[in-house]
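Structures are listed in the sections that come next.
Look for chain A in each of the two complexes below; its partner is chain B in the first and chain C in the second.
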Partner chain A sequence: MSALLHHPGYEEERLRRLSEQLPCRELQAGMLLSLMGQPHQYSYPSVFIYGHRSSGKSHVMQVLLKELELPHATVSCVECVSVALLFEQVLLSFFGGDAASLLPRSPSLSDFVRVYRQQCSQSPAKQTRYIVMEKAELLRDADANLLPALLRLQELVEDNVTVILLTEIVWDRFRPNTGCFEPLLLHFPDYSKGELQQILSRDKHPSYSAEFYSSYINILLGVFYSVCRDLRELRHLAALNFSKFCEPLAEGKVKETDTHKLWRNMEPHLKKAMQTVYLREVSSLQWEQMQQMEEKENGAMRGLSAHTHVELPYYSKFLLIAAYLASYNPARTDKRFFLKHHGKIKKTNFLKKNEKTSNHLLGPKPFPLDRLLAIFYSVVDSRVAPTASIFSQISSLVTLQLLTKVSHDDQLDSPKYKCAVSMDFIRAISRTVNFEIVNYLYDFL
Partner chain B sequence: MSKRKITKTNVPVGECISQVQEMLRERLCHQRLPDRPEGVEAQHKHLLELLKRTAVHGESNSVLIVGPRGAGKTMLLRCVLRDLLEEKEAQKSLLQVHLNGLLQTDDRIALKEITRQLHLENVVEDKVFGSFAENLCFLLEALKKGDRSSSRPVLFVLDEFDLFAHHKNQTLLYNLLDISQSAQAPIAVVGITCRLDVLELLEKRVKSRFSHRQIHLLSNPTFTEYLDRVRTQLSLPDDFPDDKFALDWNASIETLCEDKSVEDVLQRHFNSSKDFRSMHMLLMLCLSRVSVAKPAIKPADLLEASRLCLADANANMLHGLSILELCLIIAMKHLNDVYEGDPFNLQMVHNEFKKFLQRKSNSMYNFEQPVILKAFEHLQQLELIRPVDSSSAKTQREYQLMRLMLDHSQIMEALQKYPQCPTDVKQWAMSAFG
Partner chain C sequence: MSTSSVSKGCFVFKPSAKKKKKTTLTLEDHFMRGCEDAENSEIRFRLCHDLWDKIKTDTEALQDELNRNILDSLLDFTRKCSSTRRHSDWASQMRASEIPTAALVLGVNVPDHDMTFQSLSDLLQQSVTPHVASVQAKECGALKHLMKRVLERLMDTVVDDEEEEEAEQTRAQLNTSVHCSLSTLCAWYNTNTKKSDTGTPGKKRSSAVRDDPLQPPVVIIFKDLEAFNPKVLQDFILICSRYIERLPLMFIFGIATSPSTIQHMLPHSVTSLLCIELFQSLSCTQHLATVIDKLILAPQFPFKLNGKVLQVLISIFLYHDFSVRNFIKGIQLALLEHFHSQPLSVLCCKKKAALLNVMQLGHQDLERVRQLQSFKRYAEKQEAQEQVHLLTDDPHLKEVCQKLIKDLRKYHKNYYPTLRCLHTLTSSLPRYPLGKQIRELHLICLEKNIWENEDYQSAMKLLKMLAKDQLIALLQRCEETLQSVKSKKMKSARVQLGDTLARFKQLDTGAAESPPSVEDSITSPVKNLQKKTDLFQLQKTLLEMNESRRSKKLSPFEVLRNEALQFIDGLVKSHLSPPESQTLNEVCYYTSSATVRRHLNATPRTSIQAALNSPIYYLQNERLKTEDGVISNAAPDICIVYKLHLECGRLINLYDWLEAYATVVSAAEGNEPDSDDFGKVDDVKHARFIRAVSELEFLGFIKSTKQKTDHVARLSWGGC
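Let's look at the complex of A and B:
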């Protein structure tokens, strides 16, 4: 049951329509409505609304401003690559195209405020004007004065205007060093599991019953809720996988009410979806195609991974192995691994137990070229002369981003490298050349 | 008082509430000037005297108004101007130029704005000037023309004064202060700033031309005074359309301020900030809850408003994380404990998480590394974790060093409030070491 919104400034009918569009956000909408007050009354100069992705921030604002027909300008900071666009959009929405064209070529804040003041002295606000800034965190990357100026725009233009910032970052990470006009902070809490269920179930498919769709959503949330609470993403996943859910029904194997069977059929499929569509490893289209293929090939589906398809020349593989060893082994252990007659190095000295963390947790360390070559010659079985081809192979490994060059401007002549592949990848490579890499890794001794 | 013999009554309650909202919102949201600036009478008198000397007697001057954010600097100046312009003579002769460091970000823009505000665009037209000083002098000279032999006094207000000190060579500041000191033309320069160290930003030649007059707004009210302010900010004036309603309203505000729980809440706010602006925000949240159905501010409203003001935003955001993301945060907390706050990377966090899964978890299962990476990236996007150096674009994502931007108490608080947090996860977070 939705608690109806009340406000003396607006008709009951309008408010009812409004709350119908805002399931599970009545509280926030009501709060905003009471802050906004009646259209002609002043509202707080700037309001900062924060909350997780898809928690309804923009939706609630848009529905409120549109349904109540309040003067407003919505600006997405992603789309406004220059402040000029931002200024234009605000002037356009409030005063029309002629006003926007009064701005000079690359307008300063001073120009914007000047034009705004001129315009609003001709047409003073009869109702509070609202400027909604989407993805407001990007304002921090703009000119340093922009954010503080927007926060006190009401004072600067002397108009009945309120600026609303929407973002998923907390206010503390916005505040400039010398302070600013502090906005009123409002939080949009995340949807609970029940609320997600309620909202998602509204998208029911016309040819199936509401209960059926709702039980589908229930299964979907069972799989994805622990990793993802983003309504938009869940809605997308729901739309993509629904046909699969309906399959046994269409084949006449299961009845609509047999939720347990439906669940058994669906769960593994959704788990697979988590490894793929959810991670954007495959596009939605590819996923749909894969689902169809799967029917044909009887469930032989492999995950896609770009790395497994790279074919490397023989010596490049050894170069990469050497690079991996150089990145993950401490240099002082090279003797032990790669010198044929290393004499007696006591194992106890060799293994420093107080080293806190394994190298595989810290990531690859940079190494110089000569160390790479030394290891390379010792692991590759047949003798190879240091020809130019070795160097060109190194640079193509860099191009493939399997190796990265660590640039230090001061030592241009002795470049350092890092190996940029995972353990699984290097093991696969090693297997193709019959090299037991684990025996040569310090971490696995 | 005599005018108000006829009592105005019988205005419908809906209309009254509407009036209350309108009047109080002007105070709380629109910086409506008070009739008399409370608590800064001395500063008001001082500034009024100074500006009068410029406006009426044509003396030049410079002064800085210094005080923290929201202390009432702008309000003080506007009050003084309002009172100054009540004098016929000042009103006739004084010209005003209002600049703001946020808007006029360099001296070229500032000069354009000065020209515009003095209505001299036509006089300047396309003239070319050799220097900034020449241009400014030309402007002031142009004001002399007409029937007067002497210049009209000009008041220059520079809000966010410290930002003008960042302009190249401080040319504008130098020239304005130079004119004010050498009395070439009668001008008063009023700077407004929240930086107490503002003089140190000025170049020597600029500083030496400044009068060194400063008006400080460091009002430090007692709690009783603070309480009085709350009362006056919420009270209705004598000319409210409905006498009876206004009386009742004001009485209810009295009662409100005497309530013990209200006093506690206000004390807490008083201890963290005493300025008008943050008080206005608190009171605005209360006012917004007034409606026909509830035509008064109740203690509960103040409690709720205070709860909103004091809410911990980080804890609010943690509440909305997925259980996987929360687990990663806990793993980071453990890493912070073990390595005394050294930065960490995803690989280490994942490893820590795996240790927990191996030990006992039955509420969670292990996710593939890419799923974990996605969760990790989400945390970074929310700026709950931050890369140690941004230049490491070449490092593989799972090895990039990060720092947690939360402290332990925030994590613990979030954990308590987290909906349906599995007990083993909770216990894991509580245990000193992973």
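Let's look at the complex of A and C:
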């Protein structure tokens, strides 16, 4: 296995440990190693590594640089709210705190280069220095000169330094309009089923044998592989369901080797777990509690997504209903719904061309405040005084994200809103106040 | 400065406490100023103050009690999280990279949450970890700010416990370091925990960290998750997850709507970094029910609200805000108003004090007593001789008052237990004729005689249809509620109820023997029916059957059931009469619902229109007095302009408006109507007019329009 990781300039022992820590990524690691060359050799100025989430990009880089004890700085672009933070972290990990403090307040790129060169002349690189940028896609939103400069930082600072960008998007989406130095592209492909199996089997439970855990993973992958290939999610699922898998063992009903029986016992649970893949609804503890509850009551699954019921004050409910109607009905139809003697208007004559598609497919439309209030007053059954609390309820609905404000915050004059709740939600709400919302929706006429 | 209000608008900020000290007026002075009858205002102020203090402590205790469950489980959660981190069992290792998160669902009554979070963070600091920071959305518009707030609060909270010097140092560091990042926090945390590790003795924290001397978790509370900018939150969580191995972080999300907001706000890549556990708090309606139970339906509080006021407060709660805190504030307002405006409220206190205060009443106060509606009614019922006594003899009146106060107390002592009894009986009936909640029943009873209510009668009918075991269970619960009551009448009622129950049970043993005869009488006509009959005969037999069933002899159970219900009915009739029928009820009952509504549920538009229509109310100037519909020409410009605009149609011609305005104003200046200058527009008038119009536009009565040149559109119609 370690045959791939032969490389001059590094100790055999270290390379062996490396390959142990990087299962199924030997090819990529080997490629990287050969790119990096021997420690003292100059390396390629910039490397661009891309691949889907949890395909081992960061892990491989981290293990390589740590195990081989190369000087490196790992920076997450999310954390660097300003470029200053980025520069500071790089300088800090290469030259220590003194260098970082040399940077002026709100430094520019040239400040960084200046300080770097100054420090570098004092302590020239004996080995290649590496700057690893995680979540590099955020660099696109930074200053326009940052990305091109990082790509050829080696030339700028005249030092043996390599910038490695890690991201989930392809290089084509990065390339600036003005063109730039092209980095070396390296793709990390998704793990195959076999590889996933191999990796997942590594974190075995200490009190069970490796074969047992591996057979568990085999069953798990059999169920979930078709819907989910994310390593992290699968690991979460594995941790979540393992105790259930072991249950018959603990009760002494089945032997460890009897995979078939275990499988039969496990399958219904995994099927249930399928419903909540990716939702991360509950922690493991609550999952187990729910499982027990279910055995008692045989009730439906209740995760986070099942708790959609929201209690609202009476007028807030009507405000929300009015907002929903205003969002999904064309303004011209208000007369038809809320006037007593509207006369018959046939839907077909009434339609404009673009309104023929369902408003519910198009999503909510913005409406002004006065239309909301007009509908509200005609929908609510009793006479309501326009009190201050009615208006403050609109604002609280906005903070609760049931309505969204479309117009700018500064615009005091006729603000516009959108209704942000789903059809099911509003139907549940209107049922509690005995309001038949479907009768008032243009789409359901 | 910032506000906790969600509404947009202007807020008045009271000057800070320092400035307040300069003014010499105390609360008491404020209370006395403008107070009805200054003589006993001091006593009233003291009574009011004491009562409010009691209400406040009671409600706070209640709140703590109600929140205890959820707070305890949250504390357990944090403890568990910090302890599993140290354990190295398989399951916790598997999720070592996830940030433990508690999703705390609190309901939409956002104003109430502050208290919960306050006690939560206090409890956490006391028993789990000194590192607690709570952040609110409005102070964290950007990631930078959020980071800064978290760092400030975390470092400061701990710094407070250390010596002063260190505090200075850390603050200085924070200021000098150009960027707040979590790595700073990490470093700080490490030095801090190491320090406490080596054991600097005699610290306050020594007890706090006892739980986990190595790594107390760092808890960050997001008070209002919905209001946070999702992007900010995502980035923050992403950053935190990078440090989770070095820094035992923990989140608590305060959620107002439903837990699914987490999924709406955060993408999977972020939620997968969290290990979320759900905590659901008590619903606010339940909370309100307990508050009402403890505050309103308790005889020990002498201060009461009448039906209308209570209705206003409850409807504000149900219709507008769901906020228990605001409900209690409403009670406070009513309390203040009552003691402030009703001189006889000196008698609204504990029995002994009230009896004492009766003796202290002056002549003027006694005259007030004589003026009371309820007292007049009482006096009318007395004999002529007694009536004269009551109206003229002050010492005699005092004695009578003492008796009446005692009577009122007795009434209350009997009222509440009876109310609870009736509620237990009726709350489980189908369709809830007398309401599901006890507050609804209470409101009905406050309005008028409940036994005249149709719903009451239908409830009684339904009770008569109850099966035996149900009825017995209900009666047993009634007996239990009466058990703790000390009043004589209630005790005897309980004994009687106990008797009835015993007899019900006796029935059980004797029941097996008698029934068959009854069945015979029913079955025989049914048998007849099976024969061939015409329509007429069928009708006849059915009628007969009906007759026979009605006149049918009642079974012993039915007899007993009717007896029991009659007993309950008697209880209701003797004890649940509305308070208005009681003499001297004005002493305890606050009745001005209009005041409460005006203060708590303000109508800005109505008051603006009132001000524009009749400025005299606000300006207190005699010259402004006019008959209805006439514009006083001395009124402020905006009022004149407003009145004139009421006469116009949808579009208003500005020039006509200006002319009309000039005419009115000229009259005010005292110009002769015949002179040339009359009604002429000069520059000053023109400017005043323009200003008034723009003010009107600002208030939202008109707006500019492009439909016609030189016209504005009118926006409001009809009176208010």
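Keep this in mind: the second predicted complex is superposed on the first by the 280 of 445 C-alpha atoms of A that agree within 3 Å, B and C clash if a C-alpha of one lies under 4 Å from a C-alpha of the other, contacts with A are read in each partner's own complex, and residues count from 1 in each chain.
Definition applied: a residue touches a chain if its C-beta (ideal position, glycine included) is under 8 Å from a C-beta of that chain, and two chains touch if they have at least 3 such contacts.
These numbers come from a predicted model, not from an experiment.
Asks: Considering only the touch criterion stated at the top, classify A:81 as touching first (chain B), second (chain C), both, or neither.
Replies: Second partner only, chain C.
Asks: Is A:105 contacted by the first partner chain B, the second partner chain C, both or neither?
Replies: Once the two structures are laid over each other on A, A:105 reaches chain C alone.
Asks: Which partner does A:236 reach: the first (chain B), the second (chain C), both, or neither?
Replies: A:236 sits against chain C, while chain B stays out of touch.
Asks: Does the superposition put A:312 against chain B (first), chain C (second), both, or neither?
Replies: second
Asks: One more residue to check, A:393. First (chain B), second (chain C), both or neither?
Replies: It touches chain C, and chain B stays clear.
Asks: Across the two complexes, find the residues of chain A that touch chain B and also touch chain C.
Replies: 278-279, 281
Asks: Quick one: in the complex, what on chain C touches chain A?
Replies: Contact set of chain C toward chain A: 5-8, 90-91, 93-95, 100, 103, 105, 107-108, 110, 142-144, 147, 178-179, 181-183, 224, 226-227, 235, 238-239, 242, 256-264, 268-269, 271-272, 274-278, 280, 283-285, 316-322, 601-606.
Asks: Using the touch definition up top, name the residues of chain B that touch chain A in the complex.
Replies: 14, 17-18, 21-22, 25-26, 28-31, 68-70, 74, 100-105, 109, 112-113, 116, 162-163, 194-195, 277-278, 281, 284-285, 288-289, 291-293, 308-309, 311, 313-314, 316-317, 319-324, 339, 345, 347-348, 351, 364, 367-368, 370-371, 374-375, 381-383, 394-396, 398-399, 419
Asks: Using the touch rule from the top, collect the residues of chain A that touch chain C in their complex.
Replies: Those in contact with chain C are residues 53, 76, 78-79, 81-82, 84-85, 88-89, 105, 135, 203, 205-207, 232-233, 235-236, 238-239, 242-243, 278-286, 304-305, 307-316, 385-393, 395-396, 398-402, 412.
Asks: Which part of chain A faces chain B closely enough to touch in the complex?
Replies: For this pair, the touching residues of chain A are 6-8, 31, 34-35, 37-38, 40-45, 50-52, 55, 108-110, 113-114, 143, 145, 148-149, 154-156, 160, 168-173, 178-182, 184-187, 189-190, 192-193, 225-229, 274-275, 278-279, 281, 356-357, 360-364, 404, 406, 418, 420.
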